[in-house]
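Order as written gives the chain letters A, B and C; numbering starts at 1 within each chain.
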Amino acid sequence: MPQASPRGGDAIDRRNLDWYIDKGVQVLVFIGGVSGILFVISIFVFITKEGLGFLTEQFSIGEFFGSPRWAPTSSHNPTYGALALIAGTASVTGLAMVIAVPFSLGAAIFIGEFATGKPREYLKVLVELLAAIPSVVWGFIGLSIMNPLIIKLFNVPVGLNVLNSGFILGLMAAPIMTTIAEDALKAVPDTYREAAEALGATRWQVILRVVIPAAKPGLLAAVLLGVGRGFGETMAVLMASGHSINLPTSVFDSVRALTATIAAELGETAVGSDHYRALFTLGIFLFVVTFVINLTADLVVRGIRRK
Amino acid sequence: MFEASDLNERNRRVERLWRLLFLVMTVLLIVPVVVILSVLIHKGGPVLSIDFLFTEPVQGMTAGGIFPALVGTVWLVTVALLASVPIGVAAALYLSEYAPDNWLTRAINLAIINLAGVPSIVHALFGVGAFVLFFRFGTSILAASLTLAIMTLPVVIVATRESLQAVPQAFREACWNMGATRWQTIRRVVLPNSISGILTGVILEVSRTAGETAPIMFTGAAFFLPFLPQSVYDQTMAMSLHLFVISTQVPGVPEALPFGVALVLISMVLAMNAISIAFRMHLRSKKKW
Amino acid sequence: MVAAEPQARPLLEVRDLAIRYGDTLALSGVTLEVQKHEIFGIIGPAGSGKTSFLRTLNRMDQFTPSMSVDGEIRFNGRDIRRWRNVYSLRRKIGVVFPLPVGLPLSVYDNVALSPRLGGIKKKADLDVIVERCLRRAALWDEVKDRLDSLGSLLSGGQQQRLTIARALSQGPELLLLDEFSIAVDPVTTMRIEDVLKELRQEITIVLVTNLVQQARRLADRTAFFLTGECVEIAETERMFTREVQDERTRDYVEGRFG
């Protein structure tokens, strides 16, 4: 049996100040890490708390999702149909994606696979700068540049419509999608490319047959995050969509988005009123939908990592 | 033989075609923005002057400068940074240096992705419910800045985590082997070699925060205030909201004025981004190992 | 050859050590003792568990989540799993990796780091330690004029000696070396070997090496590890004079495999 430890060992093996500082820091950064979860939960809790009264009293699924009549300020018969708002958001986001998806995937392929050296660096920087333009500036561009342009080009009475806001939103979402898609392409190991090139495939064949299939989940995630971005965009849509309640039948119709409705109306409501609670309910809906989109994108990306 | 080279020739032509197509798409993505920027400069440029930056708006915001909005944006960004940088750096340190690979870490990562993905107007609703009403900060710089801080937290976390992870693991192990605690290792070796990357992230956050509008609309930013904020409990004007207000809410604004405001705002944001990018490139060129 | 005093308590006692990565057994059934002031060599082909063994000695296994360790390791008679302050244990054990790691600090700060962590602040005291450790690592003459340059930008051989100087600056009782000569030219290797021979006067060394002849040159006793098993421990000379107990040891030492 080993005897009692020599006293020297005991003197060395003491928890000193450094040991306790280390533990303290560990606790602090842990709190910082967990705070992320805490914030997401409290966002949900607080908007639900404010909107709960509406959900339990006035809310009806049939009206909310089925009726296009959003008239919360009507004095005798307020209605809370979000269908037109959902249609507004969907039409704008849809058009934005029609524009942004091909262009951003194309740009990602060019930047990631064809461009090299300095031009590649410059393009990446440019895309990054595009992503930085504030949404209120985009909205202003829609309002003051796109609006007269659309009126003149298409000879329509109003230039604030699905076309305007969809185009603006497409330009806004494209840089983000390009960046994520390019990351996904870059994540495909070079050994794949080399193996295919060794078999005599041209660069384009390699991209089409090897790189894109391998990067598919990442590209899909890029599109999903772009959709999430468009869905949640507020200022640009508020300023460029015309902000009139409509089930759009053409791109020249003005529409109103979910986000824009909250931004435009919250300032005029009294805290705790039905209207106020209804706007928070729209917020809950937005939160849940973007949560699902982000979760799906994350699962899709995780899928490739596991493989 | 003959057929094979023929096929090669065709393949190469197809490749050139696709390459051209993608190049055109990339250019088309960038061209509208260049056009838009030049229109902004063309129309807003004449408005700009030192006076414009340093005087108050007058005559119902149809004339004068943008000084209170500039000052307000500085207030909002500063207070937001004071809140989000410590939390963000702590969270990044946890994720990069401490977090084991378990469900909690995955949940934190997912939460950060979601924090970045939640619509800005929902952040605004949260700010109203939590900071304005529940914590009774009222509509104030404090409430608006905290809302901005939570919204832009992912920017700091992601940038910090990336620069922490760029420090090779071998350095940490060497330190641990010398009997350094985790914190000593972080302070002496990891942080000194990632601090510039963290700064890059902070600059990026400044640019994001300065441009946001929706989260501050109902939490602390005002349409018009005749005085500058004196404390974090005051309301304030802000550049982004000012642009929204004078371009949509105020009648009789001369056309050039909002262009001038937009130009100042976009210059601020892009300058910050450019600094951040230049800083990052400079770091990359200056390897220490 | 100075054999270690047999009656003194061993610095390191290892009993029934087993190391797993997840479900995979990397090393098992290792029982050995390392005496004070001896150079204890460990030889064996790649994948035999030598490095894993070394990592457990200063509890670096903590930093590999999948790694689990069974058995008992005593340092100075104390079970290392029971240390309350594991950092103070690591301060007593210096480590040199196969690939040199010069920290991205100045040469001076590299060597002064550990004393500083230990609470030494005075420049004069640090100067003395830095110079002594760099001299003992046979690096002083090459770097004395550029103590401010980055340690991570020295040549490989210099970085490896810097790593040794850093390990010595802790004032360790035990020095663990893991195939230190892999990234080092032969001349530097010989210089480091001379340094190690001198160091034996003061500290104990465990030397993991892939070079059988290096063990023969330096080690008092040598253990032979093979595929996760400690095949044989003997005085080094016996290993090289065919007085081995196990066929596999002879085959390895004579270069028939490995």
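Operating definition for what follows: a contact is a pair of C-beta atoms (placed from the backbone, for glycine too) under 8 Å apart; a residue touches a chain by one contact, two chains touch by 3 or more.
Keep in mind it's a predicted model, so treat the numbers as computed, not measured.
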Select, from A-B and A-C, the pair of chains that is joined by more C-beta pairs in contact.
-> A-B
Per-chain Cα centroid nearest the overall protein Cα centroid belongs to chain B
By mean C-alpha coordinates, which chain is most distant from chain B?
-> C
The distance between the C-alpha centres of chain B and chain C, rounded to whole Å, is 49
Taking each chain's centre as the mean of its CA atoms, how far is chain A from chain B in angstrom?
-> 15
What whole-Å value do you get for the distance between chain A and chain C if each is reduced to the mean of its CA atoms?
-> 52
Spell out, as numbers or ranges, the residues of chain A touching 2 or more other chains.
-> 18-19, 22
Mark out which residues of chain B touch at least two other chains, giving numbers and ranges.
-> 181, 184
Going by residue number, chain C touches two or more other chains at 87-89, 91-92, 117
How about chain B: which of its residues touch chain A in the complex?
-> 11-12, 14-15, 18-19, 21-23, 25-26, 28-30, 32-33, 36, 39-40, 86-91, 93-95, 97-99, 104-105, 107-108, 110-115, 117-126, 128-130, 133-134, 150, 153, 157, 181-184, 186, 207-208, 210-214, 217-218, 240-241, 243-244, 247-248, 255, 258-259, 262, 265-266, 269-270, 273-274, 277, 281
Can you list the chain A residues touching chain B in their complex?
-> 18-19, 21-22, 25-26, 28-37, 39-40, 42-43, 46-47, 49-50, 102-104, 106-107, 109-111, 114, 121, 123, 125-130, 132-137, 139-141, 143-145, 171, 174-175, 178, 202-205, 225, 228-229, 231-235, 239, 259, 262-263, 266-267, 271, 279-280, 283, 286-287, 290-291, 293-295, 297-298
Of all residues in chain C, those that touch chain A in their complex = 13, 74, 76-78, 83-85, 87-89, 91-92, 117
Which chain A residues qualify as touching chain C in the complex?
-> 2-3, 5-6, 8-9, 12-16, 18-19, 22
Given the complex, residues on chain B that touch chain C span 100-101, 170-171, 173-181, 184, 188-189, 192-193, 288-289
